[in-house]
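Multiple structures follow.
You will see subunit A twice below: alongside subunit B first, and alongside subunit C after that.
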Partner chain A sequence: MTLLEALQQFVTECNQNERLREMNRDWSRRIQLEPDDTQHLHWLVSDEGLVSAGEGPVDNPDMLIQAPEEILTAIFSGEMTPTEPYNAGDLLVRGQQDDIMRLDILTLLIWGE
Partner chain B sequence: MQNSLSRVLPLRTAVSTSAGLASAAVNFLAAVEVAEYAGGQSAWLAILVAGVLIVFAGSNFSELNGLFPSAAAIRVWIRRGVNDQVSLVSSFVYMFTVVFVIAADAFVLGHTFSRAIPAIPALLWILAILALVTWSNSRGIKVAGAVQDTNAFVLLGTLMLFSLMVLARTRHLGQFHYFHLGSNWFEAIALGIFIFVGFEWVTPLAEEFQDFRAIPRGMYIALGLIAVAFGLFSLALTVAFPHVHLLAHSFVPQLLVGMKAMGKFGFWWMAFVTLTTAMTTFNGGLLSASRFVYALAREKALPSWFSRLNGRLVPQNALMTLAGTSFVLAIVVYFTGQYLFLINAGAGVESFMYALSSWLVISLRRRDPKRARPFHAFGYPVVPVIMGVIFLGLGVEALLTPTGPSGFPWSLVFFAVLLVLMVIYVLVAIPRLKEKKPGLGQVSKGSKGV
Partner chain C sequence: MKEIVSVSLGSRHRDHESQMTLMGETVHVARRGSDGDLDRARDMIRALDGTVDALGLGGIDRYLVVRNRRYEIQDAVRMASEARKTPVVDGSGIKNTLERTIVEELHADGTIHRDQHVLMVSAMDRFGMAESFDALGYQLVAGDLIFSSHINYPIRTVDELDELARKLLPEVTQMPFHHLYPVGDAQTGDSDPRYRHYFEEADIIAGDFHYIRRYMPESLEGKIIITNTTTEGDVALLAAKGVQTLVTTTPVVDGRSYGTNVIEAALVAVTGLTAESPGWSDAVHATGLHGTVLRL
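The block that comes next holds the complex of A and B.
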């Protein structure tokens, strides 16, 4: 699975879940994903409850996420919780802590513990 | 990461967070204890020396923070620099330090308000304020950054102003021995470390700053402000009340300085500042510690029960457990009056953490030499080695300092028991937790919007 495929799966899970859409209604954010090995940029945008993703840079990001592409793919496909690489220093995030926690909660609610 | 973020924190917040987290209400009592061991008026010098030593620890934290700017901070640094088990044990002990500081601040708050308004029992004050902060945390209500910012500067500004007023009103200032080093001066420095405890807890905010240099700058400015404010406070206290040992049982030295400076207004202003300081300690401590417990539960280092969220996406079980533990500890401390035990244990744990920061700087330079370091620790490798040894010695000294008339170092026993329990937990319980079949992520029923 590529990172883009993983992101698209993540987007589908978010948008098909009515409770998540409701939860994210007041959470509009632009997230830039920066694989530090391939440098192949991707983005994730949450806009009034609806999530979308794609390749390339995003303007004025609220959050920057940096990790090897393999780890980013594993996180957004649900194979790995973000906490494990985060606590190991393999996943670096820049942005507000509430947003970082919100992203972790989304993965928790979609894929469980 | 080269891209710029749309919302970032300013340097002012780095300063106020570092100063605010270090400026707990229990620091007033710590200043009295430092003065007792320093032998009187030279307490300011012990606090200044402790502050200068901590600048070097700050330099270590700055390098580690630039290397891995993460809210998981010590969890990441120790895992990378030593191993996962040591990282978990240290993280748990560090988390308990937050609970100690909350309990100690509750003790000071209770005594302050039972003195100001005797009709209301101290325990009721402690319960009411802790419950209010816990409730607002559980509702996802955050103390606005501006309020948190303001409180740190108001506290430190008040201490400086009131202390200077007391000094200005004291006659025959020349009669005192400001540079007299008593026989327990090393203990005084060891306990002086406690005044600065928590200055480095600004590092978990690294992700919210655009410029990595803001954290080191913020820490250094905060250390300077704390050293000046509490140095002046200890000086005013020891000059106004030369028989320091009599102050140890007043539990409200800040109110006495307030009275000396500005009479009744000074008394009530200090009571107000104590209240806001304790509330920001409770708020900051519970907020950060509950998120930390949540993260540990997410990686299965704690039971998944701690990762349960309420409808406002707050880790409710983690928050309630921490608040409950703090309250129980505060009650025990209040009835036994053993607050020195918390100060000594806190100073010991932090000194060991500062010693460990030296080890981590050296270890990570060897293990990960090519990784970008926006900030380099002072005088590597000689200074980190010397500082590591000094902080190790200060930590042992703080734990060996007696907590009562018997002269027995209960803080050392407490620390040893806590350490052994954490080691057993990490080596025995966590592997079993990680073997368990994963369950589903939970959010409480009836939650808003989920």
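The block that comes next holds the complex of A and C.
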């Protein structure tokens, strides 16, 4: 699976989940994903709870997520939780703490248990 | 006399010393804050190990008990592991017993009634209390996601609370604790009324006092507050906001209601039992410890 495929799967899970849409109804953010090995940029955007994704740069990102592309793919496809690479120093996230926590919670609610 | 110390991630401004009598035994209680510095808290626990009868972990939970599952916060494990000789407790052994029964007692004596709406600012750390409200038929909103993560999503049933705990807590408990809960000076941050409507819609506001203090609106006219770790200053603040009744789930001594970790540490020091011991629940009830109801 490529990073783009993982992000598209993540987007589908978010947008089809009524509870997640309610949680994110007041959350509009631009997130830049920057694989620190391939430099192949991707983006995630939440617009009042509706999430989209794509390749390339995004203007004025609110969050920057850096990790090897394989780890980013694993996180957004649910094969790995963000905690493990974060605690190991393989995942760097820049942004507001609330936004970082929310993204963690979204991935756990989609893929957790 | 027994000696216990509560080592807290909270502010040093709330440090104090006092004495309580438990089952006929005098217990000297000291509270030592570390201003949110985990390493400093670990140093304090290491230095106190073997010198006191029991240690409490303040400003942090070690165990979150939700239904039949127990989740362990890793930063609390790191703190507790600094003690090799002295038992270390976090208050969960009290929350799961005293706080569960206090709701039943308040309901039985008419202090609260089931047509009142309940806001628990956090419930994953007080699941016993949430279950009691639910079992008695109260309409409950749990604000765990709202107040800890600013995700504006009220949890309305204990079943959903349990489901979210199963999905979130195995990972969230591995994260640095300051990502989950205000520590040190963050506990005394500015008032933030953005979620005021949850308070306004509730008749009973229960749970962690740091969350209540930070997010409460200007007026709490006629509300019932169920919490603990309040000081005389906190009581005056709540009275000024029009709170009708303040229920502390732990006893008030010298104007201060102790944290559950302090009560559990005192009980461990006096009885030699721990929350894992058979008969712990009976021991808690045998102490005659009960909360305090203050009409303000």
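In the analysis below, the second predicted complex is superposed on the first by the 112 of 113 C-alpha atoms of A that agree within 3 Å, B and C clash if a C-alpha of one lies under 4 Å from a C-alpha of the other, contacts with A are read in each partner's own complex, and residues count from 1 in each chain.
In the analysis below, a contact is a pair of C-beta atoms (placed from the backbone, for glycine too) under 8 Å apart; a residue touches a chain by one contact, two chains touch by 3 or more.
These figures come from a predicted structure and were not determined experimentally.
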{"item": "Subunit B versus subunit C as contact partner of A:Gln16, first or second or both or neither", "value": "neither"}
{"item": "Partner chain in contact with A:Thr38 - subunit B first, subunit C second, else both or neither", "value": "neither"}
{"item": "Partner chain(s) touched by A:Arg102 [first = subunit B, second = subunit C, both, neither]", "value": "both"}
{"item": "Partner chain in contact with A:Leu64 - subunit B first, subunit C second, else both or neither", "value": "first"}
{"item": "Subunit B versus subunit C as contact partner of A:Thr81, first or second or both or neither", "value": "both"}
{"item": "Partner chain(s) touched by A:Thr2 [first = subunit B, second = subunit C, both, neither]", "value": "neither"}
{"item": "Comparing the two partners subunit B and subunit C, which touches a greater set of residues in subunit A", "value": "B"}
{"item": "Which superposed partner A:Leu92 touches (first subunit B, second subunit C, both, neither)", "value": "first"}
{"item": "Overlapping contact positions on subunit A, where the subunit C interface meets the subunit B interface", "value": "19, 22-23, 25, 81, 83, 86-87, 97, 100-102, 104-105, 108-109, 112-113"}
{"item": "Subunit A to subunit B touching residues, read off their complex", "value": "19-20, 22-23, 25, 30, 32, 34, 57, 60-64, 66, 81, 83-84, 86-89, 92-97, 100-102, 104-105, 108-113"}
{"item": "Of subunit C, residues touching subunit A in the complex", "value": "145, 149-153, 164, 166-168, 170-172, 174-175, 179"}
{"item": "Of subunit A, residues touching subunit C in the complex", "value": "19, 22-23, 25-26, 81-83, 86-87, 97-98, 100-102, 104-105, 108-109, 112-113"}
{"item": "Complex interface listing, subunit B residues touching subunit A", "value": "1, 3, 5-7, 68-72, 75-77, 79-80, 204-205, 207-208, 291, 294-295, 298-300, 304, 307, 309, 313, 438-441, 443, 449-450"}
